[in-house]
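Written out below as C-alpha cells is the structure these notes cover.
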C-alpha cells in the first residue's frame, strides 16, 4: 500500500492489517474500464488529455487507465509520475522525504491534466499536487480520478472520476493493490 | 545531527541516502518553474568571510529553489565588521532567528566554533584547509551519474593536497563509498603524517594515470611559490600537470575532474578541460542539486543527516 | 618578642624533610614560632584532613601588567596564585613595554608589593625581546632580578645567545630559554602531526623546540654556563636534558601542567582555549614529561599562566593568541594526574622551584621554627569541578572547564598572613 497512506494513518508508520476485501481483481478491472470511458465522455475524446499518477499509489492506476484509453480510443495518452513531497503542507510537522521520482516529460500548458491517485482521503495530497503542477505549466483544466473515495475531506477537493465510494472510520485504512482493495487497520 | 560540518561525521549509508535524494532535486531544476515550496518560511544566511561567488551563488540558488529566504553577510560588503569577534557576529545572526548559516572562512574550524554560539543549522562551505563537504558530495554524485557507483574505482587526486579542503573531504568521501585513492604530489605539497590517511602516495603522475578511473585535479595557487614549497609553477606543470600528452595515458572512459576555477595551462592543458570525458561542467551543475538535498535534509525533512547504523537496523527489524 | 597569632591545627606536614604530623604556630612577625603536637594560639586554622606544605613557587607566570591589564593585573594574578596555594610567583617579561630595564622592573616590583603573593620579576635577555641586543643584565641583577628570559620567544641568534651566556656567567643569575626555532615553527598554531594534518591547521614540529634545546646545551658546554629550559614539551627535549644532566652539565628545566595532562587531540573541537605555545603534543610526549617529572630530569612544575580576554579566544583558531590559565589548577592536576608520592608533588611545586629561583630563604620550607610562614594548607582528597566563572583571574581561558579533579587549597599564608582563607581570598 502507499507509504503515504500508511504514514497518514495512526499509528504513523505501522503495518497494514487487512480485515475485509471491498473490491476484487475483477471489480478493479471493471471500475478502471468505466472510469476510462467517463474520462473520454467528459472531455469529448482524449485530445489534450494527459495523465499524472501520484507517487506511489496512483502510478499503477495511471498506467492501467492509459492502457484502457489506448484500447478504447486507440490513442496513447501521455502519462507522467509526480511525487508531491516537496509541496506538502506538513513539512516540519513530521518526517517528509520524497519516495519516488517525478517525471513529467511533456508540456502541460493548455492540457487537461487528469491527476490519478489510489485513495482520496483528506484531500491534502491533491492540494499539494495542484501546487506542484504550477511549476510545470498552466493546464486548461485539472481533473481528479481516484479508485477509492473514503471521505473525511479536510479541504474543498472533489473527485471527477471515482472507482468506488467507501465510507470509512478515520482510524481505518484502505489498501489498493494489483488484486483488489482491502479495508483494515494500521498497527505498530 | 543538525549541521553538515565534515564528511568524517557521515557514514557510507548517510552519503548514499543523500545522493539518492539528490536525484529528486535535480528534477526540480528541469521544471518550467524550477521551484518548490519545501523550505518556505525558512531563512538561510550565507556568511562568507572568503570571497567565493560561485559557491555562494550555488547555495543561494539551492535555497531559493526550495523557496527559502536568503540573506548575505559577507566581509566584502562590510556587513561583517573587521575585528568583530566571531562570537559577536554569531550572536547577531542568532538574534535574527535564522534557520541556517552557510559559512566559509579561511581559518579551519570556524564552523565548529559557530555551532557553540548559534542554534541554527551550520553548513560548512569550506573552512581553511580542512573540509568542503558539499564539494565532495557533488563530486561523488557526478561520479555516480557516470558510473553508477564508486565501489572498486581507483581515483587519483593530483596537486596541492596539503592546503586543500576539497582533497581532504574527497579522500574521506571517495574511500567511504568504496573507492581507492592515490594522491599524487611533490612531497612538499603532501599533508604531514600522510600515512594516517587511507590513501596511497605517488610522486610519479605518469605511472598512476593509466591505472585510474578518474583523475581529480586540484587548483595550484601562485602563493605556494613564495612559501618555498615549489621552485616554480613551470616545474609543477612539467612534473604534475595534466598535459595533452599525459591525458593520452588515461583510459578512454576515465573521468577528468576539477573543483574549479581552473588554472588553464597550469594543472591542466586548456583543451582537455573542455573534452567529452571532462565532467567539470557537470560538477558545477550538480552542485545546486546536492546543496538542495543538504538544505532539505537539514531544514525540512525532519530526518537526520546521520543515522547511526544500529538505529537503521532497529528500524528495518 | 614575637607573639603567636595563629595555629594551623591537625594537619599532615609535608616538606623536604619528609612527612610528619604536627601543629604550626605562626607569629606576628610572619615567622614560624613552633612546630609540634597540641599547640595553641589565639586563632585556629583548621587543617584536619589536610596537608600543610610550604607555599608553592611558580617560576613562570604572565601577569600582563604593564600593557594588557584587561586580561590580568599583578593584583588579580597574585590573588589567583594565592587561591592556587602559591606564595611566590615570577612575572614574565613579555609585557608592554617589556621588562628590559630597571625602570620597568621597578614598576612591576612596586605594583607587586601590596599583592597577596610575593611577586618577583624576571627580565628580558635582549632589549625589547627583539633578539638583537643584550639587555642591561647587571643593572637588573642589582635590583634583585635573578632570572632572564625572552619568554614568548626564544633568542634566535646563536652568536647573541653565546654572548648572553658568557656575560651572565659573571652574575649570579639564571638564563632561561623559551625554546622555539622561528624558522621551523613559523606559522604553526598547534603541534605538527596527525592531528594538525587532519584538522587542516598549520603546525610546528617537535623539532622546532628540540633544535633550540640542542643548540643551547651545546652553547652551555662551550661557555660553561648554566641554562634553564622553560616549558619543555617533547620526549626529545626531555631525553636531551636527561643526557646533559647525566654528563654533569648545569642544565635545568620546567614543565607545565598542561604538558603532562593534555594532548593535541584536544584541538579537534577547534576551541582556541587549547591553543598554547609550546603546543599540546602527543601522548608519547606527555608520557615522557611525566617520566621526566618522576625521575628528576624535570626540576619543577611551572604554570605558564597566560591569561587572555574572552573575546580574543573567541576568534578562529589560527587567529587566537596562545596561552592558558594555570595558577588555580596546578595543584589539583599534579595530584590527580601524576602517579607520585605527595612529598614528590609538593617538592615539584615548592622547594625545587624555590631553589631554582633563589628564593629558598623565604619560600619552599622546611616547616620549622624560625622560617618564614609562607605556607599552603590543602585537602588532597577534596574533589571539585573546575569552573572558570569562579576563578580569580580576570580571564577565563582554562582548558579544564568542567573537569573533575582532586585536591583543593583551603588556606594560603603569605608571611604569616592568611591571604586565602577557607576557600576565599582575603585580599
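Order of writing sets the chain letters: A, B and C. Residues in each chain are counted from 1.
Methods note: a residue touches a chain if its C-beta (ideal position, glycine included) is under 8 Å from a C-beta of that chain, and two chains touch if they have at least 3 such contacts.
What you see is a predicted model; the values in this text were computed from it and never measured.
Engineer: Taking each chain's centre as the mean of its CA atoms, which one is farthest from the centre of subunit A?
Structural biologist: C
Engineer: When the mean CA coordinate of each chain is compared with the mean CA coordinate of the whole protein, which chain is closest?
Structural biologist: Central by C-alpha mean position: chain B.
Engineer: Consider the two chain pairs A-B and B-C; indicate the one with the greater count of contacting C-beta pairs.
Structural biologist: By number of C-beta pairs in contact, B-C is the larger.
Engineer: I'd like to verify one number: the distance from the centre of subunit A to the centre of subunit C, where each centre is the average of its C-alpha atoms, in whole angstrom.
Structural biologist: Subunit A and subunit C have C-alpha centres separated by 77 Å.
Engineer: With centres defined as the mean C-alpha position, give me the subunit B-subunit C separation in Å.
Structural biologist: Between these chains, centre-to-centre, one finds 45 Å.
Engineer: Which whole number of Å gives the spacing of the CA centres of subunit A and subunit B?
Structural biologist: The mean C-alpha positions of subunit A and subunit B differ by 40 Å.
Engineer: What part of subunit B is in contact with subunit C in the complex they form?
Structural biologist: For this pair, the touching residues of subunit B are 85-88, 105-110, 112-113, 116, 127-131, 165, 168, 191-194, 196-197.
Engineer: With touch defined as at the start, can you tell me which subunit A residues reach subunit B in the complex?
Structural biologist: So the residues of subunit A touching subunit B come out as 83, 85-87, 91-98, 101-104, 131-132, 134-137.
Engineer: Using the touch definition from the top, list the residues of subunit C that touch subunit B in their complex.
Structural biologist: Per the touch definition, subunit C meets subunit B at residues 192-194, 196-201, 203, 205, 269-271, 311-312, 314-319.
Engineer: Per the contact definition, I'd like the list of subunit B residues that touch subunit A in the complex.
Structural biologist: Residues in contact with subunit A: 21, 23-24, 27-28, 31-39, 66, 296, 300-303.
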